[in-house]
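Handing you this structure, nothing more for now.
Going by the order they are written in, the chains are A, B, C, D and E; count residues from 1 in each one.
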């Protein structure tokens, strides 16, 4: 029993919070403000506890695995959720269903934890659904906005379609190998065409969740339609979790199919960067813009994964950590502005620096980090991904990736330009930023600046393997 | 040798696929729902044919008794029962058909080329086995998935409540 | 006529799968799209059961997969219908072509 | 001497600037910071000379090595040789001059954007990047500092610039980013072929297969080439310079174009000697084209900033030509040209800025006779013009002659013709420089209102004098610079010659 | 032994003047700057004279040969082992002679300018520039290293530029200074490449070593450099030729002479110093400096030097006959006389009697400096008086400017080669040298000699005789005030006149010769008859035409028709240059280059950006907002990937 407590600590903590929320909701209920503060405190506690009492081992046969690395990955997700709860406070306070929102979000988080820890395709599938269905519901939380329900609809239908294909793949895999266990699969994969087919079907589910081109099309619509808190959650937590399990699966389970997935990753990485960047070029809505930019970022993650080596794992985890800070910072700024002024267009950001220098600097920092400009951490993150990709001597691949950084810089600079350079008759007025948001933005900013230079973080991740 | 079981199989297969096709092609939404129902019943029949009675039962209870009813309710809720469904653009249909055909051909080719490891003996699991397994936490047990699904159902329920019970529907 | 076996069932399930996919791709009504999804999931279930029976009779993974898929299908359908109903309230339509504000 | 001081000084200054309250504090802190930097640079020079005099024959001096990402072989590895010392000295000169000319920025056309604090902050950040770049001995860190300097440039141009500033800023940032993308690829290639090391000293000891060198050299050379305006990747130069605020142009041309040249030499040529040999002819052709073509294109320009920008393309061509010639003298000359051009072009832009701030035009045909109201500025304009056209006694001459002498050491027709072609530019340079001077400083006064203009203020005078001092120090007594650069060039040549 | 400090001070004092006046002149020495500059130069002159005395009479002559000394040599910039630019002092007969000439003429000009430019706004600047020029010229003269000479070569070029552009608000002055600089710069390009070639051939830049290595036919350097050739000419010849082009540019030899007449836009004393006495003879000096190479190793190039000199001499003389701007006449005359010096070198041999041309050339350089400076300063006095450069505004000035008149006449006689004035002796030697070696050149020289006498006296008569002066007569009030410019302006005239009259009696050959051994020049009376006669003839013709105002010149001009017109328009050489620069360089090279850069190179960059955006716009349909379409893409992606990996990349 003790083992269960330590190994499943993160899951149990999250479940505990879920039930606490449920009881609060069923019982008297609390005012939004106090509930939010409570949740924030709980999430902080959850995040902090994530670093203690970590064990390593399997549970439920081999359905549930945990290692220090997985624990660290969970901590990253915890941190992201905590930051979202701070950053989107303005929106959260206004929502009618705060308890339910967090309940769903934490369910999804639980699903992601289980997904990262899963040692079995069944549990993987179930946790994937657990990580998806509540988010689809969350996407609809702006109940009276048409776009919100449209986004939610697109998400639930697409994800159902994608899980159908995933399941078909799993069934074929099961038929050919007779097992769904991650530990048994590698020995039974022989690379027969049917298995390749099954693998491709399976692969697309990851691709769908990670928004890899051409399975990415839902992303932008859903991001744009959803409340910013959900978008942030989707783009950071959901993506990060899937990236982790994706990488683990490829490295551990599908190692026999390396030749197949390596090429596949390279092709898709290039396509993803390119399409993501090209679409991001002409976006006006900041959420949609960030959606495409995050698609392009995924291309880089794929590049890192393609290395099939320790350095790949390390740099992907490291990158996701940096990405959490950078992307959340930009979403945070977008959330603050959107919540206070209702403006979500990049053109509306013109002249922002004049009135809101703090927000502007954070936004610029975040965007530079996303673009991979030093001294922000994004530079290191991206560079290490490319270093990992380079370890297979695929020079043309890193060349393309590096050239894509130029396109991405172009559109990130577009926002920077709007904020710092363009003139505006009616700039966004001075926004009063609440303490929690400010704190979260500062945390993000500090993370962006420091993470790259504090190399022990990177080394810590490396030591976890 | 044409046995009764073979004939039954083909009848069930025809029912499943035929009703499936009607379900995705008819322009009467109600008719589609009913065809879906029969298609699902056909599948339940196939489960019976495969001697997986438990699954067949679950199929009928959950699908026929649950999901299809849910769907029919939602058809009523959205006041679509009488209307004909809108027509899809032809090019979309063609592309879809093409893609579907390619996909089908591709997967069937692979399936037929693959030598499955066909077991000599077939043992149908008993409900007791299933029940035991479901609650086992050790190797080979399915307690964790069971818990996960319960969380999922909880979350889905909460989600549905929030979304569907919108307090003041505003029309814009 | 051959004795029906694994391949026959696989044919049926694959056919059903792609019928479902076709439906998903072409039905304009959101509820009928959902119905197509159900077809897809059922075809997968059939696959699992068939494999479990013919290939791996000693194991129960396929069977349990089916059970859980059915459960998930229910949950998914519930949420999807909730969303669809909500969409219907705001759009006064459940035609998928009417819900395309978000694009480009 | 502790090299970290060189990074620390601008960093601390930048932070202090951000924390300061008002204009006055910002300026004085920046000035104090840049004086400290100048002091450090001079101290470094002296310490370096002392070491050399003491018979220290190490390849790099004052080495320091702190692990950063040790598992990836990335270290904060710093050290200087003669080239770095010269470049650091150049940077410190330009920085102090840049700070001085921006003294009253809020009153100048560029200062409409306000945000003086940020302006100085970015300038110092740019300086920080340059210092870090020049002392880095680790490719990764070098790249890091190189990239640091890109965004400040973008913002400096985009916010405080003039004309089509957004376009220029964008173009500059993107092209430079393109350059760094190429560098990145080359760098990673080097990293993996040479056994997972980014360390320049280690890499220089590693035998890299010739084919790999042939493959990687273009990446690195072109990448750095973008930074240093290698033809035909130079088009960010005219637009960038013309739009940038005065100090921005000075930093851009005076410092950051040198980053590229330094990289071409220290990274591309030094680490990939076989590659350099393979592509030397192409480099020579491109740079000879750049020299002549830049000069001819300059002849047609009417905007002073465009004149200097194109002439920079032409002048920088000499550095690249020197590198391509692959002789010790030519490389020394290339380096001298970098230093000289840095000082000269910074001064040139400073002067242009001073003129523009007063006349509010940069079109030569709208000026004339500025010698009368602005004798000091015009005199400086003369000096810098003469330096540009290679007058003995000023730095340009020394550098160009060294390049020519070095180039001539290759005794085949191709190199000879390239040298002669490059040498022809000294005539064309004379033509456009004299045209520019003749139309602005000399001739009758075209606009009566110009007669009321005020000559340079103390800050501008000081800035100009500092840079002129640098130019003269090289021009009159080039020996010290030669002593600094030659051993380093020799080291590079030794590697190229396979010794 | 030569004293390095003393000699080094000669150029450094003017430099000190430049720095002092350049930095602080405008503020602190507004009025006294002229005195300071002059005083410093006076010291220089004294030192130069002392050095000359010391060299020629104390230590220079060892065993009957004048030695070369290098009392000081500092490495300035080392290129590679053994190849370095050194800053040194080379003391030999010609450099010492030049030291004297430069300091003396410069001193005269300094003094003269005290009066001429009195009250000018930029008086200190003027003296600063003069100091810079004198420093550079002296540095050039004593250069011990071929690159050192190039450095000072450029510096005199820029000082000349600055001084021509002294009146910077006159468009014509601005144009002239630009032209002077650019044309000489073009020639310097040749010089530079020549240096590169010579340095490559010899492996050194040091004059002594260079000459030593390149003049002995057995040396390795000569052997190897002969093997390199380009267009059938050996590398060494190319080197010598290109160096000569540099010299030709500076010395305004045809066809690089076009800058010199325009350079007269500068203040007249400047013209006297730079464009008559010193800088323009630098080319001659350069050839003389490298004479052993020209003479021994590349005689063909030396012949070319001779021809260029001869052609320049006659063309300039012809043009000079038609010009009406007195300074331009003098400018062409300068060009013509330098042509004399040049061809004199060209017809010279290396040692012994055959080397007469060398000595003659140097001698003429020396005497020419005197009388030409005098002519310019005289012209300056005239211009100062009438405020015009044009002959038409002059005439009958002998009464108003008596001292000027006399000194000018002496100078004219000297240049016309009338004995016993200085010009007679030097010109005689030149003609003799030409007569001995190259008859064609001799005949050209002879004709030129007649033309010289003619145009000089045309000038003389037009200024001082011809029509009566009335410009000031109408307004006597102003007439009195100007006068001749006082003592400071007249003193130099007189001193120079003494030089012009008497310098011929110096036994020049004793001191200066190609190989350092004294050359005893024989005076052939018979030979002198022809030149003197032709000179006198020229004077008489001029007298006939211009003594009194009449219409003979116009008739003559009309009868010569095309030739006159062509000569009046300087044989249209300026126009050719203008065509080449404006039409070809600007319009055919510069403009396309600029266009190419903006539209093609930059266009490519912009196109890349634009194309990216176009593509981005083009593919936006992919994101159609229709969830079913997304699913089709999804499915297609699955199928394509699966097919690829099943069938293609197995």
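The rule is simple: a contact is a pair of C-beta atoms (placed from the backbone, for glycine too) under 8 Å apart; a residue touches a chain by one contact, two chains touch by 3 or more.
Predicted model, so just to flag it, every value in this text is computed and none were measured.
**Student:** Which chains does chain A share as contact partners with chain E?
**Tutor:** B, C, D
**Student:** Leaving every chain except chain E exactly where it is, which of them still form connected groups?
**Tutor:** Without chain E in the graph, we get one piece.
**Student:** According to the touch definition, list the chains common to the neighbour sets of chain A and chain B.
**Tutor:** For chain A paired with chain B, the chains in contact with each are C, E, in label order.
**Student:** In terms of Cα-based centroids, which chain occupies the most central position?
**Tutor:** D
**Student:** Can you tell me which chain lies farthest from chain D, using the average of the Cα atoms as each chain's centre?
**Tutor:** B
**Student:** What's the farthest chain from chain C if centres are computed as the mean of the Cα atoms?
**Tutor:** Relative to chain C, the chain with the farthest C-alpha centre is E.
**Student:** For the chain pair with the highest number of C-beta contact pairs, give its two chain identifiers.
**Tutor:** Top of the contact-pair ranking: B-C.
**Student:** Could you tell me the distance, in whole angstrom, between the mean C-alpha positions of chain C and chain E?
**Tutor:** Taking the average C-alpha coordinate of chain C and of chain E, the gap between them is 97 Å.
**Student:** Taking each chain's centre as the mean position of its Cα atoms, how many Å separate chain A from chain C?
**Tutor:** 27
**Student:** Report the inter-centroid distance (CA atoms only) between chain A and chain D in whole Å.
**Tutor:** 42
**Student:** How far is the middle of chain B from the middle of chain D, if each middle is the mean of its Cα atoms, in Å?
**Tutor:** 70
**Student:** Counting only residues that touch at least two other chains, what does the list for chain B look like?
**Tutor:** Chain B, residues with two or more chain partners: 92, 95-96, 99-100, 103, 106-107, 110-111, 116-117, 142, 145, 149, 152, 156, 159-160, 163, 166, 169, 172.
**Student:** Could you say which residues in chain D touch two or more other chains, in rising order?
**Tutor:** 174
**Student:** Of all residues in chain A, which are in touch with two or more distinct other chains?
**Tutor:** 122, 126, 129, 133, 136-137, 140, 143-144, 146, 152-154, 157, 161, 172, 175, 178, 193, 197, 220-221, 282, 410, in rising order.
**Student:** Taking all chains into account, which pairs touch?
**Tutor:** By the stated definition, chains touch in these pairs: A-B, A-C, A-D, A-E, B-C, B-E, C-E, D-E.
**Student:** In the complex, go through chain E and note every residue touching chain D.
**Tutor:** 26, 75-80, 83, 85, 147, 150-152, 154-155, 158, 161, 165, 168-171, 174-175, 177-178, 181-182, 185-186, 188-189, 192-193, 196-197, 199-200, 228, 230, 581, 585-586, 589-591, 593-594, 596-597, 601-602, 604-605, 609
**Student:** Name, in rising order, each residue of chain C that touches chain E in their complex.
**Tutor:** Interface residues on chain C, with respect to chain E: 21, 24-26, 33, 96-97, 99-104.
**Student:** What part of chain B is in contact with chain A in the complex they form?
**Tutor:** 106-107, 110-111, 113-114, 116-117, 137-145, 148-149, 151-152, 154-156, 158-163, 166-167, 169-170, 172
**Student:** Show which residues of chain E lie in contact with chain C when the two form their complex.
**Tutor:** Those in contact with chain C are residues 620, 623-628, 631-632, 635.
**Student:** Which of the residues in chain E come into contact with chain B in the complex?
**Tutor:** Where chain E meets chain B, its residues are 628-629, 632, 635-636, 638-639, 642-643, 646.
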